[in-house]
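What follows is a set of notes on a single structure, which appears directly below.
Should a chain be cited, it is by its letter among A, B, C and D, assigned in written order, with residues numbered from 1 in that chain.
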Amino acid sequence: MIKAGIIGATGYAGSEIVNILRSHEDVKISYLASHSYQGKEYSSVYPSFYGLVDDVLKEDDINKAAEVSDVIFLALPHGLASKVVTEDLIREKVIIDLGADFRLKDIAAYESWYKTEHMSPNLVSRAVYGLPEIHRKEIKGAHLIANPGCYTTCSILTLYPLVKFSLVEADSIIVDAKSGVSGAGRSEKIQNLFCEVNESVKAYSVASHRHTPEIEQELSLAGGKDVVITFTPHLIPMERGILSTCYARLKEGVSKAMVDEAYKECYKDEPFIRLTPHLPETRFVKGTNYLDLSYRIDERTGRIIALGALDNLVKGAAGQAVENMNIAFGFSESSALERIAVL
Amino acid sequence: MIKAGIIGATGYAGSEIVNILRSHEDVKISYLASHSYQGKEYSSVYPSFYGLVDDVLKEDDINKAAEVSDVIFLALPHGLASKVVTEDLIREKVIIDLGADFRLKDIAAYESWYKTEHMSPNLVSRAVYGLPEIHRKEIKGAHLIANPGCYTTCSILTLYPLVKFSLVEADSIIVDAKSGVSGAGRSEKIQNLFCEVNESVKAYSVASHRHTPEIEQELSLAGGKDVVITFTPHLIPMERGILSTCYARLKEGVSKAMVDEAYKECYKDEPFIRLTPHLPETRFVKGTNYLDLSYRIDERTGRIIALGALDNLVKGAAGQAVENMNIAFGFSESSALERIAVL
Amino acid sequence: MIKAGIIGATGYAGSEIVNILRSHEDVKISYLASHSYQGKEYSSVYPSFYGLVDDVLKEDDINKAAEVSDVIFLALPHGLASKVVTEDLIREKVIIDLGADFRLKDIAAYESWYKTEHMSPNLVSRAVYGLPEIHRKEIKGAHLIANPGCYTTCSILTLYPLVKFSLVEADSIIVDAKSGVSGAGRSEKIQNLFCEVNESVKAYSVASHRHTPEIEQELSLAGGKDVVITFTPHLIPMERGILSTCYARLKEGVSKAMVDEAYKECYKDEPFIRLTPHLPETRFVKGTNYLDLSYRIDERTGRIIALGALDNLVKGAAGQAVENMNIAFGFSESSALERIAVL
Amino acid sequence: MIKAGIIGATGYAGSEIVNILRSHEDVKISYLASHSYQGKEYSSVYPSFYGLVDDVLKEDDINKAAEVSDVIFLALPHGLASKVVTEDLIREKVIIDLGADFRLKDIAAYESWYKTEHMSPNLVSRAVYGLPEIHRKEIKGAHLIANPGCYTTCSILTLYPLVKFSLVEADSIIVDAKSGVSGAGRSEKIQNLFCEVNESVKAYSVASHRHTPEIEQELSLAGGKDVVITFTPHLIPMERGILSTCYARLKEGVSKAMVDEAYKECYKDEPFIRLTPHLPETRFVKGTNYLDLSYRIDERTGRIIALGALDNLVKGAAGQAVENMNIAFGFSESSALERIAVL
């Protein structure tokens, strides 16, 4: 039984970690912290936990969390994690950062896309990019895990076999992604009000979304050469879920069979990727750690359209964070992650 | 380890039973039947089960189900269960009927409200009304369990302590209930289309809803005298959840303290009822077996307003069915029912 | 052609007034003011007006508005209108206040329910309660019109004939109302975020909502004696619309025919009330100035259930405000108010 | 004053035509027909019209409609219009077909994509493709107008200036479109039920949607050479609205200024196209005949991302049909089409 601390426990991702860990038989929650709600009972912020998690929220101090925890989840806005993670902490504890600070290996890219100085550049090389399907071996025994973004998890995994096996033109990739509103977090902004989001769809951050370099980093790594993509996120009037519709031009001579083989090769033993004959819908993975994936070849244009769906708060955040913890500590990878989507 | 059969496994309640039982460590699903989808794979009807429950759906024949099952869940339209349940079946098996056929002890009332002849009136007295908070002792060892309706579970439990302890005028009770759309089932009707339901609210079956006599039966039993109520259901543009807003006039001299005491007395040890200081919201119990309950006294009018919220497909159907199974077979009552609502 | 100023033009009700007035052939918008967005273009706040209403928003100064306007709409939080409306203003201009300040004739009741001191008690008697179906004659020529609340318009009109003709027990009235989220206004609150409202239903302000005394005032006036009601508002996951489900016990000897006669007598010539054979649904009146109304008698309990539906931003706010303006200035009452609900 | 008949008046597009025409000062509705609801009152099918359009629905016979109409709108499933439109009819009347039968000039393409034989191939050349921004001159005086599809209107208009002025590589165009559920029509299908659509997003008809050849036809015409595109439609949990996110690679040397100039040149005088600085959202055009359009250039990849939003039932169907009627009959093009989106 290990002890887990959660800093940022009252955000949507944080609350999902709490929910998942409560059913984890090898983990006890030892520290719940919130900047905004310190001193309040957890269940007063999330009444779904009433009678179940009534702990008083503590100071968001990673060192105090570390005193009573083996693993610490950081669910913070970007720029904060890199201020508080230290060499000492990652020597003794496992830190799983759900923010962006340790994801990009290229610190200049981080500073350019996030328009802020990186506060602990020396730790970046120590961080493992926590995408188990690609970096499982490095995650085992890792002490600083950069949990991938929601869009990025969905988009990288949907495209990975195509790029790894060089089946598509590297400069032809477009990701048109659709996300539910929880991806925007629990912040008091006009644009997140029910009446501003409901019954509408929009694109945002066109050609400028910060998940772009993260997708490019991992696809470039997979393909062994620079991949530059066009990424367009959209906001959908639903709470949870991401669908990435990915377009790429197949290389000359690439057949359907070669594509099938590539996906099977990469994912046949993956516990959380389902290659489906039907087109994925976000409701089929809602509340679960699955990524559903399917693709179609457009013979008329020579393009492949690959579609991946996940729950942005589970496989796209909290679920994957727990999956990373499971791997790092040697638990069964799917412990506490076996939920099936309900209606 | 017992074996469970589900007849009507492709309705919304049926699929919820499948989902819950998959995580039940003492139960194995032995028979999945569907009238409409016989011969198809379960996951082709509900792709969220892809790779997890791919069984081919069988004939909806209770006797064939009985050959391989210890418990059989019937999730059928009213009128069908009473045609197929027999003395023999309930001698050896446990039948949990999610329909209305065995709920009403008064067969004439059944025939009048449901406008159909009852096909096995002799079995009605053998059936236990499966509301554990009121009939737990009878459920232990029962072989025919009439699982309560969704509105009725919510409304009865919200009002029960007030009636049992005679705190309110028996003729003053009004239940104004609000339900998500899944309560209407998975039928191809214009009125259930997205564009006909979304962005609107309506009452229906005003002064004529079939759950009325069921609520009256249990409240009359609790209070030891006839209770006649006004019940008005409403359709809410959401998938799951019921909120019952219950109104009653407090008897002369009844204080807040007496009300508190009544609720505490009835529910303090109940695993699935949460008396909350905050007003209940259906999202706090979504996907769970909890009923959240709170009340306010309107000093100006002498009325109490008691509010109960549950998930119509869980505590209002499949969850309570599994809870009844747990009790009947002597498992821990909350086995496989410990989910907490996610966002 | 008259000139209209709108103070608080960037709230949801304010924007609806702008929308309606743009199609009014006898009105020109002369002054658009906003506290929060002063100096910005109107269409930058509401891009649906892009290219159509690009005026720069002005200071929310009623006197500056008066310099260029014949009628001024005030769409402000309660407590503000009574600070700025003066004898001088209402001598020369028509002020239509969408807030609560001038609705209650009983100043002590106002101060008690709103927990604030009334800033111009002397003007209260000068104000006309702007519910045309009841006060049309006084509205003609009025200079200070207190536009009713959304819940109140719906609830009063649904119950009015029953009380006016003494068909129901005065102490038996319960209003269970359901409202879309726009009723909460355009404020940056966690509780109004999409993810906090969607897929859920809740009651709020139980036994304490400020619209209660307003309903009581008008029903008491109609019935000629004090009426005290229980009023419970609920929040529905939709943008617009209110449904009031009203319960009352019919007096001994009151027949269906007497009820029919009462409703017909009151509403047969009303342009915006539709007595419908079908139960009302808010979508049937969405975007329109109609109140749809129907009722059922529950013979088993002797109660009547009367249901009224309107659009909270139109008949419940902006539409009724324009209707009041039309009456006050002698325009056709339905000018610019003839929209029919779209899907 | 002309007389208008509507065949298929009870579908979503048909009801929108009724709604729009009721406010058209030069048109009187003379014939309302419905296959499914013949003999019923219109307002019993759409209660929002109660008291306003209570006409009894007639037989869906175009010849009977023609006896009393100057213009006939056909809102029928594909394959039906081409069975009933005749030379005689289009000699004397104006037929505006909202279906697909007369849109594609290439009859073989029609038969291949729609998998049906065309029943009046001789009339195809007589039909004008009713997209006013491109074919306004031909629409004037036309007698058979093929009203464009919803996706196609949105996608063609969003891309048209880029193709017309040869600013993008013809083989690089991808359209990723998102539509509300009303686009699927008012049919009793499981997949259109609230609980199957809500809280989810999916792609469908990937690489095979029938609107593809229609988009290609018009873009090929505009560019003077064959354009083949990838088109992917998605279903969004909302009632109305389409957003087309269009990707294309800019040709060498094409600057932002050249793009701006192209769009301005094409659309500066268009009454229903708004080139907006902000990214379009479907709610800004909901219920209106506007197409909002904006674009961004992704300098990193050399692509342009052009985004268009419209209401699928208005500019994408009924509104454009009335616009075509206005042009054909010489009315002001925006008659009855001046609604602004409400909240």
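Basically, a residue touches a chain if its C-beta (ideal position, glycine included) is under 8 Å from a C-beta of that chain, and two chains touch if they have at least 3 such contacts.
None of these values were measured; they are calculated from a predicted model.
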Chain whose Cα centroid lies at the greatest distance from that of chain B: D
Chain pair showing more contacts of the two, A-B and B-D: A-B
Chain A and chain C, separation of their C-alpha mean positions in angstrom: 46
Centre-of-Cα separation between chain D and chain A, whole angstrom: 39
Euclidean distance of C-alpha centroids - chain A vs chain B, Å: 37
Centroid spacing, where centroids are CA-atom means, of chain B and chain D in whole angstrom: 46
Per-residue multi-chain contacts in chain A, two or more chains: 12, 182, 195, 198-199, 237-240, 281, 283, 286, 343
Complex contacts: residues of chain B adjacent to chain D: 12, 181-182, 186, 188-190, 192-199, 237-239
Residues on chain B engaged by chain C in the complex (per definition of touch): 171, 174, 176, 178, 180, 195, 198-204, 206-207, 228-230, 232, 234, 236-241, 243, 245, 247, 279-283, 286, 296-301, 303, 305, 307, 309, 343
Chain B partner contacts - residues on chain A that touch it in the complex: 12, 15-16, 19, 22-23, 44, 47-52, 182, 199, 239-240, 274, 276, 278, 281, 283-288, 292, 313, 338-343
